[in-house]
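One structure is given below, represented as structure tokens, and several questions about it will come after.
A, B and C are the chain letters, set down in written order, and residue numbers restart from 1 in every chain.
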Amino acid sequence: MELAFFIEVLAGGLLAGVMYSLVALGFVLIYKASGVFNFAQGAMVFFAALTFVSLVERGMNFWLALVITLAVMVVLGLAIEKVVLRPLVNQAPITLFMATIGLTFVLEGLSQLVWGSQPHGLELGVPDVPIEWLSQKANINISQFDLFASAVAGTLVAVLAVFFQKTRIGRALRAVADDHQAALAVGIPLKQIWGIVWAVAGFVALVAGLMWGVRNGIQYALTFVALKALPVLILGGFESIAGAIIGGLIIGASEKLAEVYLGPYVGGGIEGWFAYVIALVFLLFRPQGLFGEKIIERV
Amino acid sequence: MLYREAGQFKTSYAADQQIFPILQDRIGVIAVLVLAFIVVPLIADQYWLGAILTPFLIFSLAALGLNILTGYAGQLSLGTAAFMAVGAFMAYNAQLRIPGMPIIGSFILGGLCAAAVGIVFGLPSLRIKGFYLAVATLACQFFVLWALQRFGWFSNYSSSGVITAQKMVILGYELDSPQAKYLLTLFVVAGLALLAKNLVRSETGRAFMAVRDMDVAAGVIGIPLMQTKLLAFAISSFYCGVAGALFAFCYLGTVEPEAFNLDLSFRVLFMIIIGGVGSILGSFLGAGFITLFPIFLSVVSQTISHATGMEISHAIVSNLELIIFGALIIFFLIVEPHGLARLWQIGKEKLRLWPFPH
Amino acid sequence: MTQTQRRIGAPVLAVQGVSLSFGGVKALQDVSFDVRQHEVRAIIGPNGAGKSSMLNVINGVYHPQQGTITFKGETRSDMNSHEAAAMGIARTFQNIALFKGMTVLDNIMTGRNLKMRTNFLQQAIWIGPAKREELEHRRKVEEVVDFLEIQHIRKTPVGRLPYGLQKRVELARALAAEPEVLLLDEPMAGMNMEEKQDMCRFILDVNDQYGTTIVLIEHDMGVVMDISDRVVVLDYGRKIADGTPAEVRGDQRVIDAYLGVAH
């Protein structure tokens, strides 16, 4: 009984963590390629999901809506790169970060201006109900949808990993992440690369938005999902895809476990801040995260 | 020709160190102070005092606090609202539980409690920097709000953590009217602004800026990094705490922890980005802008509504507000990273030459 | 001329058996030398010889794995830079470490940091002890400003100054601390002939007027021969020569490693 419950909570936490990872992936992509911490990732998730669901609700075919939303996200990504990032290209990272905060507000306002501000539900064909044989045989409730989301996330990560390691463009992206000047010197078209990166990040945002949309509905609060991705990135490092996944799993699991097992002692509601405190503690002992690179300052 | 400095030579270092070395500036500032302290309370109506000027002053104070920490000392913080909350709730508790406590004393106590919280959550700054530190302050933001809601002591066991600020009495006078609240706020904010200005011009201010610009070098020349960073957190949180207390006592009257949410922290951050990071004047300009802009927008939309007969919904206006704020942040960061304060300076420099072109 | 007027005293700083590595890289291996009071000591050597690392060890930025530094009678291997500054060691850096967001005057004033006693509350009130202290230190800083002839750029933000002037401001900041030992890391790097002559003049004047002991890293051989009393030569982290400029210039090992054909 106890063990079954523990497994249920753990699994639930891990799978929630997968959701965080999906959002964190978008961050990692952009950070890897352009060194910018894109605070607007959450707003991009929101915008993607909202666009998709609004198109579907207006009667558009599921797959067509998906393609169109993807196209919109790509265009959005390119526009962001051109209007916001390029003018700020040599500024301090903190300036770029604040610009993405401004971008967040623009996207939020724009999303709601265009599509309205009521929450939407979303159906993707996989119901959010416990897997039958598991709950009957072992009394463990794990949602079918959660499993589906993990499969999607896993596939996405695998595709991205192959993309970065094996393809020419992926190599170019890694070169740009390492050193802009050097990449330029060997003829890598920087602007195109950044455009591609933001487009891919937009795609990842769309996937994340869809997954979250089914779970929590598509509403304004989705933009704050970005904030939860921050502790994930701190644990996993800002530049590691594997780190985003593992970080997400750890955060998701510890959050849920803390809420269930520690929560009752302090009256509950721990989930709101527990992830951040974990991140904080981590930062004090290992600022570069599990997979990040150590930062050395020279005078 | 009005703004010429000709003939205004400084013959001592003391004269050179003045806050307003140019005579015309001094006259200008005195005029503003007279306007603020004397003219406004006499002629302004309740709406202006209660809904515009008083919150403007309060947010200027919060922006000032954040500017000290982020603008001068370079420690990014997203927990401003949490410090304000601590100030508000502890001032309330001081009034409630300490018999005979004067209201200013409660404000100061609220500020000191906020300073203590600031020091605790500022400790990570000794090891982490930049937006990693921002994440640490996020932890503070979420944790403080949770604690204020969870532990009933803070709100005297009211439901959902709501507190109602007590009546303020100074030397027998009850501060009830909008004029009185405005004047108290003005008095507190002006005083703290003066102290802040003195502070940033002195060695402490220089130490802050050294830590901001290159903390490794600062350490090497002898500036104590730990004390400096923690002092910045403490002073900044004190200012935000007092702002929070004023927020509860002189503005809203009734507050709950949710009023001090992350959104408010971002607002104050926007104020200093637009107003000018690392500038006392900038804190006021930014706060003024962000306080007045929504009102300006709704007036414009109402005018358009009446003129064209079209109904512009409230939702549209508030979304437009978001978009324009965001766009302005980006605009300022690209075009003038030092914000309105720098634009003001450039304007003054042009004025020195006026009416000549160069 | 100035060499006979100055009285070079006993060793005030001694480096004993210092070894420093970063991971697998050995930056310094068993280096020992001393610096006498009031002298101008040059450290020279090819790039990567460990010269900057040596300065960093002396003022506590790096801690050596082996060896000690003796300064003013105290022998330590774990001094941190804050203590070094308090004990009277000031320095400049190879890549200028000025505070770009502040004016020249403010930057130099930060050099007085350790001598200021008022706390932040007094400073916030300003009137009284804080104002007096600020003006007193301002007077001292203005002396340094006069000395280095930078009056005309006092209120300029340092970020806007040309490279040569920035180096001079960095020197001013180090001088403002009234140090006993001044560590200069390539103070003339990137300067043209005229700027170098100015800088030489300033360094010699500092040594003359204030009696400050100077340890400097420098690549320009002409400068080294002209202004230094004694020279230490490093190569791949080891000391290969130690003596007067003339002695070092004639040393075969130095010629092989660094100087090339003697001319």
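In the analysis below, contacts are C-beta pairs under 8 Å (C-beta built on N, C-alpha and C of every residue); 3 or more make two chains touch, one makes a residue touch a chain.
Just so it is clear, the structure is predicted and the values come from calculations on it, not from any experiment.
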Centroid comparison with chain C (C-alpha atoms), farthest chain: A
Chain whose averaged C-alpha position falls nearest the assembly-wide average: B
Separation of mean Cα positions, chain B and chain A [Å, integer]: 33
Centre distance in Å when chain A and chain C are each reduced to the mean of their C-alpha atoms: 49
Distance from chain C to chain B - Cα centre to Cα centre, in angstrom: 42
Per-residue multi-chain contacts in chain A, two or more chains: 299
Where chain B touches two or more other chains at once, by residue number: 216-217, 220
Where chain C touches two or more other chains, by residue: 61, 93, 97
Complex contacts: residues of chain B adjacent to chain C: 13-14, 17, 195-196, 198-199, 202-204, 206-207, 209-210, 212-214, 216-224, 231, 235, 278
Partner chain B, residues of chain A touching it in the complex: 37, 83-84, 87-88, 91, 93-95, 97-99, 101-110, 112-113, 116-117, 224, 227, 230-231, 234, 266-267, 269-270, 272-273, 276-277, 279-280, 283-284, 287, 297, 299
Chain B-touching residues of chain C, taken from the complex the two chains share: 59, 61, 81-82, 85-86, 90-91, 93, 97-102, 106, 109-114, 116, 118, 120, 123-126, 130-131, 134-135, 138-139, 142, 173-174, 177
Interfacial residue positions of chain B with respect to chain A in the complex: 76, 124, 127-128, 130-132, 134-136, 138-139, 142-143, 145-146, 149-150, 216-217, 220, 262, 266, 269-270, 273, 315-316, 319-330, 333-334, 337
